[in-house]
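Two complexes, one shared chain (chain A), two partners (chain B, chain C).
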Partner chain A sequence: MDFSPFLFQALNGFVWGWVLALIALGLSLVYGITGIINMAHGALYMLGAVIGWYVIQATGNFWVALLVAPFIVGVLGILVEALMLRPLHAQPAATIIATFAVMLILQQTVLMTFGGTPQSIEKPWPGLISIGDRSYPQYRLVVAGLSAALLVLIGIVLYRTRVGLWIRAVRQNPELATTLGIPVSLVYSLVFGLGSALAAFAGVLASPIVSVDHQMGLDILIAAFMIVIVGGLGSLKGALIAALSYSLLENLLSALPGVDPILAKIMALTAMGALLLWRPHGLFGNATA
Partner chain B sequence: MSVSIKLVLLLLITVLLALAPSFISVFQLSLLSSIFIWGLFALSFDLLFGYTGLLSLGHSVYFGLGAYGAALSIKHFQLEWWAGLGIGLLLALMVAALIGFLVVRVKSHGFIIVTAVTSLICFLLAQRWNGLTGGDDGISFSVAPIALGSIEWPFSSQIVRYYFALSILLLCFIFLWWLTRTPLGQAWKLIRENEGRAEMIGYPVTQLKFVVFVIAGTFAGLAGATYALTNRFVWAGLFHWIISADGIIWTLFGGAGTLIGALLGTGALFSIKEWLSEVWKTGYPLLVGSVLLLLIRFAPNGLMGLARSFFERRGRS
Partner chain C sequence: MKISRRRFLQYSAGTLALSTVIGYAGFSQARPIRIGHQLDTTGAVAAFAKWHNKAIDAAMKRLNEQKGIAGRAVELVNSDDSQTNPNVGKEQFGKLVSQKNVDFVIGSVFSGTNIATAPVAKELKTVYFPQGIATSIVGESGNRYIFKSYHSVRAAVEAGYRWALDNLGKRWTIIASDLEFSQSQAQDFAAKVREAGGQVIDTIIVPFRTPDFLSSLNKINLARTDALYQAFNAVDTVRFMPAALEFGLTKRVPVLGLIEGIDVLDVNTAPYEGTYYITSYPRRSDQVASDLTKLDTLYRERVGIGADGKSLDGKEVVPIADLFGSWQALSLIKLGIEQSNWQSAKDTPSFIQALEVNRILKAEEGFPQGEQFLRAQDHLSFHSHYIERVENGKLSVKTRLPEGLYTPSVDYTKEAF
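Let's turn to the complex of A and B:
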């Protein structure tokens, strides 16, 4: 048996797992701290890719887009949170509807300006590395590396800085945090902005690998939510492990003879769904999270 | 409003709708037929969300199954319309029982995600086996006319489709209205209001949730089968969770937990969509998005909530 398709798919799964982890981490932070079930997260990922496309058209530089798009989307996230979502905190059903509305508006705005035709973005890092007798695009390894670096950075911010301490305090008990003088509403805004920026960063990173259109965030939203729950709410480590294993599983399954990509996706989703039924609070979560 | 006034109103609206084909255009009839079918879907969702508080993003699965059950059995086995309808309904019922048995154990956000995953899986399955389902392009088929003795009503006639959808909606509405007033319906409301207390008092919460999940799924299946019969066309997109989200929007817009609100919401949003498609083709999602944001902020109980507070204010002055 030839093992190189498995190695190839394992690499793909590994790379995509890091991107998924970024998306899931944003979702998890937002839900864990602000209580908002953000249905617009997939649309923010899409918006990141689309703004990235525009920036690349204007400047011709992918790396500028990678910085500019998350910044714009992050600011937009802060505005959306402050203007529309703040009054709805702690009402999960209401936040679902409101963020779904935001998703509709974002998607439609993109459809009206960007158009319905999927666009592709050229890889900013054209090199290939050879694995056995196959070659693999170096850019994908850059994606995994950048995602990993950003995740480590977020971890450091969360666990080693004052702002991170605030965020964790608000997560544990917002009332108590207020009495201690922590600017709770600022923390909410920052977290929502950070979550949005993470989604947009993932969108720009993924844009040379996938095709960019107004609907690219729809199905990834459900996958990311599943990863958040399987990993355990608010657990950085859990989200990463769940994202990597989901992605590896899906890609390895697709390397099996007779299994096409859609079937592999179905099988991986079923496996994760079954895991959720077995452990409703996820692998690293607890009942109170 | 007392029950007798509501019954009189229901009767009046029924008579009005029954006479409608004599004074409105064929286009308006087709719009109303769609409203009846999707209104039934919203009704079934209201049972789940408005009455029991279960926010499911997987409700489209049962609409899709009902539609495909009817479409495929009629296409491949040349069944009569009622047999197709029955098969669609049964298929939705069985799968709702199977999935419901598993998912009602998961609580709050977990339930939303697990049900969303079920619709994503079914959507992908329908795309994967496009030889059977037609995938995104869908399949069309023809149905033998409704025959009663020597009289035949073909589904190709808009008036037949209108009365067909109207009768099914009316029967379901009356049944569901009765159902929500039974002790069972009251127990669902208790779960919505306070699940912990319901459990304390000794209600079998998981079983009650299972029952409402299956009933709502079955009615969604009936709506799907009716959709298939009247459109004679089905496609994989019917399974997508975005269809469930539409159900949420219609229900909330009209007012969740009122049944009639689900119908009003569907009617209002369908009419707005039709009207907008002439004026500003791409504007509908923008308008719906903005309206939803305002609604959730200022009128969380939807049209019915607005109407209720209006009447209460008038009653006080």
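Let's turn to the complex of A and C:
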């Protein structure tokens, strides 16, 4: 029996899991620290890809786009937090609606300017790996690698720096943090800006795989929320494990004979739902988080 | 400037006289015929809808320059955004008819919206020209108020399958999304392959807009597959084709699909090279048969499409074939009104009956796509198809196919109004 289809599927599941973790990272951070349920996460991911596309058109360089787009979207995120979300902080329901509005505004603005036709972006790293008679694009390994590097970097910032200490303090008890002189508003702005920049970063990195169009954010929004919730509120480790297990499960299921990709997706999502019934606060969450 | 009362009266009289003269020179005093467009400004088919709107507008301008229809001007009434959403589209259809008083409606490009709207068209007794191509729209999901002047999926598959089996292989794997448009193709193509003695190795169903196509590609049984039929729309195709190239599929098996999957995409990149499409009109004007070149020039000029199939600014690829559906819908409206002497909504049954005649529609400005056959039973018109292949980054016609006539699954002429 030829095992290369299974091997291929296992590799793809593992690698795509890191891509998903990267896509969910910004959401996890914002959700965990500011408590904002950011419905605009997918739209910020899309905006990153769109800005990336324009930068690539202008400069011809993908890596420039990977730096410029997150910066612009990050600044936009800081503005959105300061102007729109800060006045609503005390009301979680209102922030859902506000970020939903941001999502619609971004989507329609992109439709009006960028147009409705999906645009492809060429892979900046075209190499392939052979697995039996199939080949696997090396670019996906690059994305997975960058995702891992970013997760480590964010971990270091959170647990080894002063700003990280502030962020963790604000997350635990904002009132107490304020009395200790931590600039809580600034922390919220920075975290939302960082979350937005990470979404854009993921958007640019994913764009050579998924291409760019104004609705691409909706494709990942549900998966991203699921990963963050299953992983446990704001837990980076949890989000990574959730992303990897969901992706591996979906990929391995769809390797089974008679299981269509659509059925595999349904089964994997059902399994994630069941996991939440067993652990309502997610893998690494607890009731007080 | 202050206008005195005398001056005001003079101006008014002058304007009135002038407009009367213009009115007599152009159209009779009759109310214009109002054509609604169920328009998806946003969502998956927004890029198509915008061009359909331009095509309708262009076709109307041409009609109005020629004194309209039966001496009455035609007027375009756009719906609010139908959002590529069946429920919203259905609602917008209702508003077009009951609030905006349109006489006929040219429909959404989204098959799901067409299927949801069809029963409402019958209920409101308004003739509806859906632009989606899922087969069931002119089958079990349609009714006597539906007319289509551009193919259904089944007609395209019927036209192309024989060539595909003779030239690309006998053993097929079909890969499709869960959209109505894709499912229609998957089922019809599988049925035809089996009927012709070929073999369907597998049909792989992928969620619409899936971000990762590699795991689906990995399901293809490469050892047993001669050729692959892909039934994706543009958003999925643009993800699927590069993944197929990387996976190593494209260089091993030929890939065939419907033009609707790529008709807003630029194919001048490696993933598309060598792929085949069943099309209903050549994208590039130098591929158009000599008997149609004159009409081709007129059609492209009127709608604003260049010889390379792109918008005049070169920025967008125009779904050129798809737009015939809207252009020719107006020609059907004209034909029906002239044949039935339609005046207003009460004459709609005779309008329908006038079009319910098996009839050859000659290639002319109203039907620039080429000669077609309007069938009475299912209200569908059949036209030529082509096999086109991407060669050196350009779609090139390999062969022109017959019109893909299939046995109708319904007979609307027997249905009560």
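A few points about this structure:
Just so it is clear, the second predicted complex is superposed on the first by the 284 of 289 C-alpha atoms of A that agree within 3 Å, B and C clash if a C-alpha of one lies under 4 Å from a C-alpha of the other, contacts with A are read in each partner's own complex, and residues count from 1 in each chain.
Methods note: a residue touches a chain if its C-beta (ideal position, glycine included) is under 8 Å from a C-beta of that chain, and two chains touch if they have at least 3 such contacts.
Since the structure is predicted, the reported quantities are computational estimates derived from the model, not experimental observations.
Considered on the superposed chain A, chain B and chain C are sterically incompatible, since they clash.
Of the two partner chains, chain C is the only one touched by A:P118; chain B is not.
In the superposition on chain A, A:I97 makes contact with chain B only, while chain C stays out of contact range. In the overlay built on the shared chain, the residue A:L277 is in contact with chain B alone; chain C does not reach it.
Contacts of A:L249 after superposition on the shared chain: neither chain B nor chain C is touched.
In the overlay built on the shared chain, the residue A:I262 is in contact with chain B and with chain C. Legend: residue contacts after superposition of the two complexes on their common chain; A:R134 is shown touching chain C, with no touch to chain B. Residue contacts after overlaying the shared chain place A:I182 against neither chain B nor chain C. By the touch criterion defined above, A:L194 lies against neither chain B nor chain C after alignment on the C-alpha atoms of chain A. Within the superposed three-chain model, A:Q108 lies in touch with chain B and with chain C [touch as defined at top]. Only one of the stretches 110-118, 128-136 or 254-262 belonging to chain C has C-alpha atoms clashing with chain B in the superposition, and it is 110-118. Shared contact residues of chain A with chain B and chain C: 107-108, 111, 218-219, 260, 262-263, 265. Taken in their complex, chain A has these residues touching chain C: 5, 8-9, 12-13, 16, 107-108, 111, 115-120, 122-123, 128, 133-137, 206, 208-211, 213, 215, 218-220, 250-251, 254-255, 260-265. Contacts from chain B toward chain A in the complex involve residues 55, 57, 102-103, 105-110, 112-114, 116-118, 120-121, 124-125, 127-128, 241-242, 245, 248-249, 252, 282, 285-286, 288-290, 292-293, 296-297, 300.
Within the complex formed with chain B, the chain A residues making contact are 31, 37, 84, 87-88, 92-94, 96-98, 100-105, 107-109, 111-112, 218-219, 222-223, 225-226, 229, 233, 260, 262-263, 265-266, 269-270, 272-273, 276-277, 280-281. The part of chain C that touches chain A in the complex is made up of residues 42-48, 50, 178, 204-207, 209-212, 214-216, 218-219, 222, 234-235, 238-239, 242-243, 246-248, 264-265, 269, 271, 316-317.
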